[in-house]
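A, B, C, D, E, F and G are the chain letters, set down in written order, and residue numbers restart from 1 in every chain.
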């Protein structure tokens, strides 16, 4: 591997990492769409897509080709700049956060010392994209969906942020590399055990942040049809979808990093060194599967119930748990 | 061997003097003040006020970074200002909305003329 | 493994430069995709196609009109609690060094803000419209 | 259960309905036939008869209203069920080609759409109806009442223009 | 590297002017988040990454959203020409603003700030936290900062709720004042 | 065609919906922040082609105005222009989710005109078919309710059962959906050999699958309970006033079932319960549907047990020319009371045919019950009445 | 709330179990279901047996059958009989109600198991069976004019050739459909 060492120099490292992150984001979107349909099919006693390629595995490719050659229709009354800016605003956060996630020991593109803050800050920009999409389309359904989406995303951001505090307190650092290193030595050291309520809160909040069932009200097709995505078609729609699915993968990755030990192997003797990204991949895939499993099992909540859950259950729970954790750290 | 990006980064801060940041902040403040004076829409006036606050924040952080003894204090002041600005937005916009609800307008001129 | 090649200690500025250029490049990438799609995809617009979708009927209300103000309460509450949560982050980082002092600080902080939440709750402001 | 169901024998209940209606309104015709009370009333007294049936006789359910165009007169059938095997069938005949009759929506709110449908299909105007609009046909562009016998259909294939 | 500084300054300038001059209020709000983003960049340049994250989260993620919400509740659908969005003091205001800006720039640029050197800020989050909590060096005045912020936010919540609560009488009083546009 | 007088009368009655929409200042009476919105006809979750004109205050519905007619096919006019037997296949198109019941109502009405006496085997086959159809309609109804709440999976489990039931119906009638099996005076053909055993075997499996894949999957789920409990609540009086029949009415506590109270075919020889519930909301009508599925299974088992031998057609002659008069047929369709009124003038086609469709009547509750609910509650309420486009539009 | 979330977990365990169950999908073009004997597929006509009695044409509710009838001595008996030179079934309108099959006195029209009809043009769906193509767009029957008082007379004119075996018809129809399927 020595001959590859030039990749460790600028600008090659930059190009490489850009490629890795972009590849991850886009491929995650494609693979997740595929996986979503397969899981849906299997849960519903069907096969899912199985015509394109062996067992339908080339379906994402066909989808991409189809979406590329579809006409982009924008409503005549729409605010075109905002309408087209929305996919971009939605896409940045989901791609950028991958920069700070460690995939393997030392393998992180940018080890920020405020990585957790960076994650919550960049994620919060997604709400802006939702509002832009809803406003730009100039449709009643869009705007209703955007209001719902923005209200939901900002409401669940509070428990999301608060649930991270326990991890930060235990680690004493905002760097995700430190967080992962602190969880080494076997699965009993992973934070999801000592921080179990926060793990659940974070999981629920990330479902809500990515607008997945049972919190998919912004695009609830049985009442507001498609929500803020209603007027999008072709590639613009594909980008929004890709952003949503990549966001789901991102949330799974962050959950893994924060609560499930990142690339740490479950038992010490399973350490593969540089190849520990396999553990990261397995854990992330498992979390993503639970997202999809929930998606195809549960109905969605109503907006008022969603808000009640966020503000009246999760936020008080996180605050109480914050005090408990702080107290426990004092005592022990 | 540091790569080009590394090199670029290392020389990043040293090349811009404090005055550069201060002038940018001053221009930002001026634009914000201009907008706050001339715009009729109360919400836009709010935005301009936010820009002015940001300009002040920028000055504080610039001083904190450049002056030897101001280290963390400037950043803490900036954090306090951010919190105050957030509270200001919350209350101020609530007032604007209340006015809008009773007067059906966010035009500051009209709100003035309809006083009493 | 190529992932190992990502290992490198970067200086403060270099790291953020990375992030900044990344974001710009992603914006550029998405914009390029959009432009490419515009070029590749057929474009035959018509008046009917450009109509706003309203489940098969023509729109009756322009959506660019005032919405009920009560949504605002959620945005407001979010803003306040966002600030709260943010102020807790620097505290959380150094909490293990602070000891009882930090605990008391946090307790007062959280209690006062919980009172705000309780007030909203009791006032029914957290009820969805 | 808040709604009291009629009890007892169907036959005695039906004769009770017939007697009740006959005593209060001078009915032209009325008979018990199987489980059905058939009464024929004048069009003016239809709302009153139905009000009696609902309020005094506790016949709670209006099943449907049928209009028949006998070319020169319209026959309206109000089918009332007491939910326990008894049926009260009120018939009335409106002479003329432009029927007007009192609405029974204040008695049986469910008559709302039945009367709208009758108005749409036959042009029967219901006096006092809260919301007399067409149900099926275009609101503004269609000036016919398709179930009238005078409304001609032809068996011409409708999609000739599409071929 | 002046390129980055120039880029950020230009972004800030264009966005701020966009806020003031754009006819569509929503565009103004989006321009405003653009200028906030530029400030985030400046903060990073000025060795305050935690503050930059604060800025991003609170201003771009929260304040912009809140203001966009506020716009949606108050927008009027009419298309307006430029002259309707500004009041009569536009040129006088410009003169004043130019004066203020020039004066400030002049003062700030010519003042001797003594020994200035970049990179003295608190890049470390822990140090930042110590200052915030008043346990850092020379930061005793921040000892009550937490409580101050908490009380401030608490008062803000209550005030905003009290103000924005819907009163039933609003609808009557509102219906006799017709919307006349901006 | 309207005379000027009656036109004025119509306008005086508070105008049309389009007029109300054209004058936005009328909206001010509801407060200034409301928004008018169309829901449908091309709405993915709407049961067929229905347009609801909604007035929303935030997400609270202030006014709900159903507009119908997008699928109107003049079934009544067609029935006036066909000979009696040729109308039966048209009735299949009415409520296309419970076709057998439509046929049943119509043939009952014509048999009422003809005073026909049916062979017992025909009656039993009719009951068998009706109850199979009820199963095939109720189970997807539950799935539709879940679909409207956002869960996609139960509908596919439900359709698995419907498809299997359709296999039986296809084996008996020859078609999967538009059966045209009931004839005036009996049924088209005798049951194919061995089908009763197959149905009986299927029902054994259905009981377990229905319990797990539909009841257990849905009933206990907290989200489901939160979405349906108290939504669309009606009092019994209100339900009767609105004219609701079928499961929503029984969900309010009124035990009214045509099969028991106005027995037709051989329902009075069979043993079954009328399932009722007290809550009167969406959850209650869901529970009623669940109960009716079990009752239907019970009825089918009895029918299979009691199935007599004999002919399946009465001898009514080739040409049907009923005497002048009225014929009434009333059946309990899965959606409620389905009634047919046939007026004969003595010729071989009906003079007037009127269908009383349960979807049409029950949908009035949208006007009455929906205002005050949130926008997402419209869909469960639609799921409660489970209307079918072909039914309400005739 | 001890059992909070129990219902959700129960439902999710059901879906997880179904994830591993056998799939019920049948891949349609490759896999074709065995259709039951009574399947009412597309109609076909055995022209050799057709006696051009026009009953199917009259009974069809959709008017999808058009027959062009002449007199011809087809069987060489020296007596010209009605003969269908043109016979068209417009599948774009057929609703497979089976009324024509039941009414046919010689079982010459019957259902097949064919159900996959497709075309780019509605006219292509009109299938010709006779020697001479018939224009399917021409209405086989004049529009029904119905007067209530003269109903009996009109009925007679409408249906003229139904004198034979009125009583056996329904039973015959029942037997016939299965026979037609077997053919």
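Convention: a contact is a pair of C-beta atoms (placed from the backbone, for glycine too) under 8 Å apart; a residue touches a chain by one contact, two chains touch by 3 or more.
Predicted model, so just to flag it, every value in this text is computed and none were measured.
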item	value
Comparison of D-F and A-E (more C-beta pairs in contact)	D-F
Furthest chain, CA centroid comparison against chain D	B
Centroid distance [mean C-alpha coordinates] between chain G and chain A, Å	55
Chain E and chain G, separation of their C-alpha mean positions in angstrom	74
Centre-to-centre distance between chain E and chain D (centres being mean Cα positions), rounded to whole Å	68
Between chain E and chain B, distance of the C-alpha-averaged centres to the nearest whole Å	4
Chain D: positions in contact with at least two other chains	153
Multi-chain contact sites of chain F, meaning residues that touch two or more partners	32, 35, 37, 39, 43, 59, 80-81, 153, 157, 160, 217, 221, 223-224, 351, 374
Two or more partner chains touched - positions in chain B	5-6, 8, 12-13, 79, 82-83, 86-87, 89-90, 93-94, 97, 100-101, 104
Complex contacts: residues of chain E adjacent to chain B	1-2, 4-5, 9, 12-13, 16-17, 19-20, 25, 28-29, 32, 35-36, 39, 42-43, 45-48, 50-51, 54-55, 58-59, 62-63, 66-67, 70-71, 73-74, 84-87, 89-90, 93-94, 96-98, 100-102, 104-105, 108-109, 113-122, 127-128, 130-132, 136-139, 142, 145, 148-149, 152-153, 155-157, 159-161, 163-164, 166, 170, 173-174, 177-180, 182
Chain C residues touching chain A - in the complex, by the definition given at the top	1-10, 15-16, 18-19, 21-23, 25-27, 29-31, 33-34, 36-38, 40-45, 47, 49-55, 59, 61-64, 67, 71, 74-75, 77-78, 81-82, 85-86, 88-89, 92-97, 99-100, 102-103, 106-107, 110, 114, 117, 120-121, 126-128
Contacting residues of chain E [partner chain C, same complex]	4, 41, 44-45, 47, 49-50, 54, 57-58, 61-63, 65-66, 69-70, 72-77, 123, 125-126, 128-130, 132-133, 135, 146-147, 149-151, 153-154, 156-158, 160-161, 164-166
Chain G-facing residues of chain F, complex	80-83, 85-86, 88-90, 153, 157, 160, 170-175, 178, 180, 183, 185-186, 188-190, 192, 212-213, 216-225, 311-313, 315-319, 321, 345-349, 351
Residue ranges of chain C touching chain E (in the complex, touch as defined)	12-13, 16-17, 20, 62, 64-73, 75-80, 82-84, 86-87, 89-91, 93-94, 98, 101-102, 105-106, 108-109, 112-113, 115-117, 119-120, 123, 125
